[in-house]
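What follows is a pair of complexes built around chain A, which joins chain B in one and chain C in the other.
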Partner chain A sequence: MAYGGDEVNAIVLDMGTYSTRIGYAGEDLPKVNMPATYGSVLDPDTGLFKHYVGDEGVNIYRPKMRLSNPMREGMIYEWNAVEDVLNYAFHSQLRCNTADHPILFTEPPWNNKWNREHLAEILFEKYQIPATFVVNNAVCSAFSAGKGTALVVDVGQDISSVTPVVDGYALTKSIQRQPIGMSLLTNTAYMTLTTPTLERVDAIELHSHQLISSKKPMGYNAKPIYTLRQDRLLNADQSWRNQMSRRVVEDWIEVCSGALETTFTVEEADKKGTKFYEFPTGYQAIFKGSERLHPAEIFFNSSALNRIRSYGPPPIAENHPSQGRMIPLQEALPLQNLIAHALDLQDIDVRSSLMQNVVLVGGGSMLPGFQERLLFEVSNLTRNKNYKFHIPTVPWERRFSSFLGGSILASLGTFHQLWVSREEWNEFGPDILAQRCK
Partner chain B sequence: MSSGIVPSADVLRVFEEDLKRNKKFKYIILGIAKVVDPSNAKPVDTIVVTKTSEEPSWDKFLAELTDTECKYAIYDFAYEVDGGGQRTKIILITWAPDGAQTKERMIFASSKAALKATLSSGIAAEVQANDLSEITFEIVRAKLGN
Partner chain C sequence: MTSADVREIVSSLVPPGSTPVPRKAVAPSATRKPEGISRELYNLIGNAAPTLVAQVSRPKFKARPDLGRARVKWEFREFDNPARKDHLKLHHWQRATDTGNYRFARYNIDSAPISYIDEEYEAVYGTIPAEIDISLLASTSKEDTPWTKEDTDYLFRLVREYDQRFIVIIDRWAPPSGIDRPIEELKSRYYGVARSILERRLPEDDPNKAQTLAGFNFDKQQERKRRDYVVALFNREPEAIEEEEALYIEVKRLEQNERRFTKDREDLLRMLAGVESGLGTLKVGDEDTKKKKKNGETSADSPATPGGGSTKKSKAEAKYVPADDPTNCIVRYDPATVSVGSKSGVPSIFMRSSRIPVPKPSVATHVTQLLAELQISPNTLVMPTKVNVEKLESLLNTAGILIEMKRSVDRLDQEIRVLKARHKGENVEEVEMEHGEDKGKAVASRKRSMSIISNAANKRQRV
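Moving on, here comes the complex of A and B:
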């Protein structure tokens, strides 16, 4: 055995489409939580692109910096950029020598063999790690809720997915997923905010703070008076401006948005009360319940879904087919239908265990009212009141559920016998990963 | 995926001999504790027997399932079938209350497969419960059929 004992200080790598989480095993929170996106700027002297990563890499204005995302649906698509992300995390943030640390990485349950093995190969060859292990993030989420059997509903950045986990194994053939995630919620909220209403005759301007040089304090709903940094406006890349405006909308969602617990009507939603928000331009607005809660209807309501189909992400060409069924945006369904489909594929005895053990994770689980609404919808749809939802009570456990699960496993002394060591990787080749990491 | 934590030899012996064969106990409670591995003298997390009981009352058994501690239980469940007649079947319970630490819930959930594999035969049904509403007499009875 290459690794034994409790002294091994493993690193946990949990990459998503929204952010990358990296930290030491045994710790509750990741040491590094950085945006998944990276910036690139063409260096006129060398003719090469220089990459910028991390918060201070992408959120700071740089002339002509273009932002891209190397991740899609929780899977790596642009490998060169991922190395920049890893270099930054390991060398600038953790300041560790990766040759001294085994690395456990997480993967979505629909990840494919090629992707998994390629990441392991980079870790072994470029980062010289002594050992690795890969864990399925749906299984991690089920385990951290204390459940070996659970239906894991993950409302993530790009996609929502439903994964049945039975006795610690993800049933990959039954996975249901579709491109209705937090990113589409942001698009929808963006449309809401930039569409004039009777009370707000002008579209809200979603300039980010980096573009504003000065603003005046104004009263509620007064037209904002501010000056833009013209030099930045001229030289900023459109992709960077879009991304920064999206950050403004994401913050608005975090402060103001949520889901109504029952069928949406304007009257019911307005009973939820108003919320105040001040935008970076200094514009102050009060949002009614029906405005705040309507964007999240895309998760539950077919007619809301129909309206936003045209704003969805472009279809993705898959080089290596992923596991389970991916429903295209044009055929996307309300989330409760996805749950019903996943359950229909199971034997009747497993089905009732899964229904009673629904674990909700991902960004969507952070929205107030989301869990209650989903329970309401799925109970109505299937005419069954036996569903039981589990949601971690501590918000950071929801946000970092797969990191936390990986962190706990990787810190166990007994788990170390399971690692795939460098010697085994060299001797048996990439197939050992699938054999060991079941 | 599993944690690599396995049951001690004692777990199988108490289950097979005392509970299954000799019906000496009504239930066994299992926990996870550090046990010294004789091969290298290092303490290793292991599934161990923490309590055995002859108590026949189901309600008194439920009192063992506290709010903050994860445990496994193997219970010799007695019930009546339709049309009369007594049956007993052995059930495996994984108790992971919301009040327990996430680390503990994770360890118990990820070690259950190894426990089940060790017990292999004689487990008629499994119950996974996070609170007492998920482990009523009726729920367990319904899992066992006729």
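Moving on, here comes the complex of A and C:
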């Protein structure tokens, strides 16, 4: 009962491009954290696709299983597997009867009307929920930091965005977003690893462990000796193999990569020391500071950005386009410029309070050295000392910030008058969502 | 060697007749150790332990929670939220004893913004054509385009929806006419319309009418100016900010110097001429100086005229002392001589007799002695007329100064003597010269004191 809380067993549903987070309101961590991708296998008897979701659904080898991500820019753009994802979460993981639980779901600020109404419709029709509410995930992130007014800097999987939030309302006109996120970092790291250097004459082979039948222990930088599982190699879908290779790269990023705290120079980066990594093939390598810290420069450095612009932008949702403008990769800015630009667009009366409440969230911000570098670049760029960053120190609060904010919101006693109930949904139709969830 | 051996040796030293006195065992019951004091400490300080210590240091434990008695039963219960218009039933855990309305429903309050009906709007603004004249749109800049009723309706709807958060309203602004307007324009329109609607709606005899309407005053130009100013402030370079700060500190420093100078001058004047320069209570502050500049007064800069017997009234007091009123025979006296009045600068009620100056305590005895010599009793004047009292005042003043002067002369003499002693072995001429100078000074001061005495004498004669 403390802090105005009143639990009504609400469920918070937070779908992102990298992972889907589902859990009970009032808790600080989601009960279910599953990859957003799903696998589909054609059943030859029925001619239908069978969908596999969750960690054990996606990461396991299955013959001819195609992996695809239904999310783009944080929005659902492929609806085939959404129900499979929700079934898995509600029935296999939470094991709850959804008719007893109101569900609050999050959406990116640029979500379109059709998308949110469609999801609400599925929840009402298929899952018989008593009530729902949709809330902007930038607002949630601000709430998770305990702020009603904040400038939310979200470095996500596909997109890094800067969203001003004033009194719990996202100011949609001045949102800045660009397709520079962890997936682009993974691409960059992929290129770094597969490009031969003077020390590594061969490109690193990024086979995932599911494909390797045996390997021999080798010394440092020796050519790996391993055998692949030919049966799997033949039957594995290319999309699954690509995804698994990316997982290898993501793991390498987690272990080795990071951002340099100051302006990137090779000498300075080399001072950060080397790191050792063994790939699934048994290949062992030591990575110099300049090598492992360079990929993250795409967030801060326009020359590094120029280099990757040739890789081309990631695909963008087309069937139901997002609202507002996304800065294309060709015009992308370093993150500090993006923040400064977003602030310049704000009304002068809120600008200083936004500057005092910059909230950094998103999986990308968990890179070691990322926040220090951002603070360094921002203070260098603007010469203004009044920036105050709020960066949650607990790492998962940054990753699950939108879940956490939604969890706080849905457990407040004063919030329960805002739910869009089934009765209202039936009476007013989908338009009630836009009226209620502003 | 055992203890028995030692005892044997010692007993051999003791004369055989005297038996050792059996040592009295210390009775612990007689001086019980008080609670809350450690045994070692008690052994050290013994009975002298202050009772307070024992009481203060006695450990106090929190009362044990009584778990057994208050067992609360909780129920998982359906509840109705009166803040909702529908019949949504949610469930929550609740104390079984808790009944009644939903606790959080009372937070459902409206900011009660102004709204109007079409008739009211038309009564104020007339029936404005629904469509905007295209030529008008082209000729004027966009934000000056007159408002349509549709746009105004839309504005009022947004204001209600977002509880007058104009920052959010301007973000969501997509009016039927499609005209983007700056935020101060929206505010001005909202407050303007609300004001005129209210003006018509409220009855004439409503006592709060003016006050209510004043709440809806909005000056667009003023707001624009304010915003421009804030933007300018925000866009200052760090160097400019630093310079401003440096200048501010410099001003503060100058003011402080000024204050010190004034104080020094005051002291000097009081010392040498016995005059209040009138600058002592000068307040050197931001607003004060600004005000003074405005009034064209340059009191801080103009040198005080020493020697003049007339004391300047300090500003704070001058404000509150009303002018003389000869027709009613009211004569106001200069309150500067003695500090009466309260700290706030407003003179309080006082007895006239209390205004007769009392000599400083350090010189009081000498002054009374002096007065006794002159055969004047300061407490009982024969004819306490205005003139006589003034005379007495100045006499007491000068007497005090005279005494102080004499003291400083004595001190200087003493110093001269010391210096002379120090310079004994040195050049005779130099010493003589110094001596001569000092003599000159001493003579001068003596002369002055003489003149003061004669003054006093004159006064006495007149008195």
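Throughout what follows, the second predicted complex is superposed on the first by the 419 of 438 C-alpha atoms of A that agree within 3 Å, B and C clash if a C-alpha of one lies under 4 Å from a C-alpha of the other, contacts with A are read in each partner's own complex, and residues count from 1 in each chain.
What we mean here is this: a contact is a pair of C-beta atoms (placed from the backbone, for glycine too) under 8 Å apart; a residue touches a chain by one contact, two chains touch by 3 or more.
Only a predicted model underlies this, so the values are computations on that prediction, with no experimental measurement involved.
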item: First, second, both or neither for A:102, with chain B first and chain C second; value: second
item: Contacts of A:147 with chain B and chain C, given as first, second, both or neither; value: first
item: Contacts of A:432 with chain B and chain C, given as first, second, both or neither; value: neither
item: Contacts of A:228 with chain B and chain C, given as first, second, both or neither; value: neither
item: First, second, both or neither for A:414, with chain B first and chain C second; value: both
item: First (chain B), second (chain C), both or neither touched by A:130; value: second
item: Partner chain(s) touched by A:345 [first = chain B, second = chain C, both, neither]; value: neither
item: Touching partner for A:173 - first (chain B), second (chain C), both, neither; value: second
item: Contacts of A:333 with chain B and chain C, given as first, second, both or neither; value: neither
item: Chain B/chain C common contact set on chain A; value: 4, 167, 169, 413-414, 416-417, 438
item: Parts of chain B lying in touch with chain A, wherever the complex brings them together; value: 1-6, 40, 42, 44-45, 70, 94, 96-98, 100, 102-103, 105-110, 112-113, 116, 128, 130, 134
item: Residue numbers on chain A that touch chain C, as the complex places them; value: 4, 6-9, 100, 102, 130-131, 166-167, 169, 171-174, 347-352, 383-385, 413-414, 416-417, 419, 421-424, 427, 438
item: Of all residues in chain C, those that touch chain A in their complex; value: 81, 83-84, 86-93, 102-105, 107-108, 161-162, 165, 167-168, 170-172, 183, 227, 230-231, 234, 237-238
item: Residues of chain A touching chain B in the complex; value: 4-5, 135-136, 139, 142-149, 167-169, 353, 356-357, 388, 390, 392-393, 397, 404-405, 408-409, 412-418, 437-438
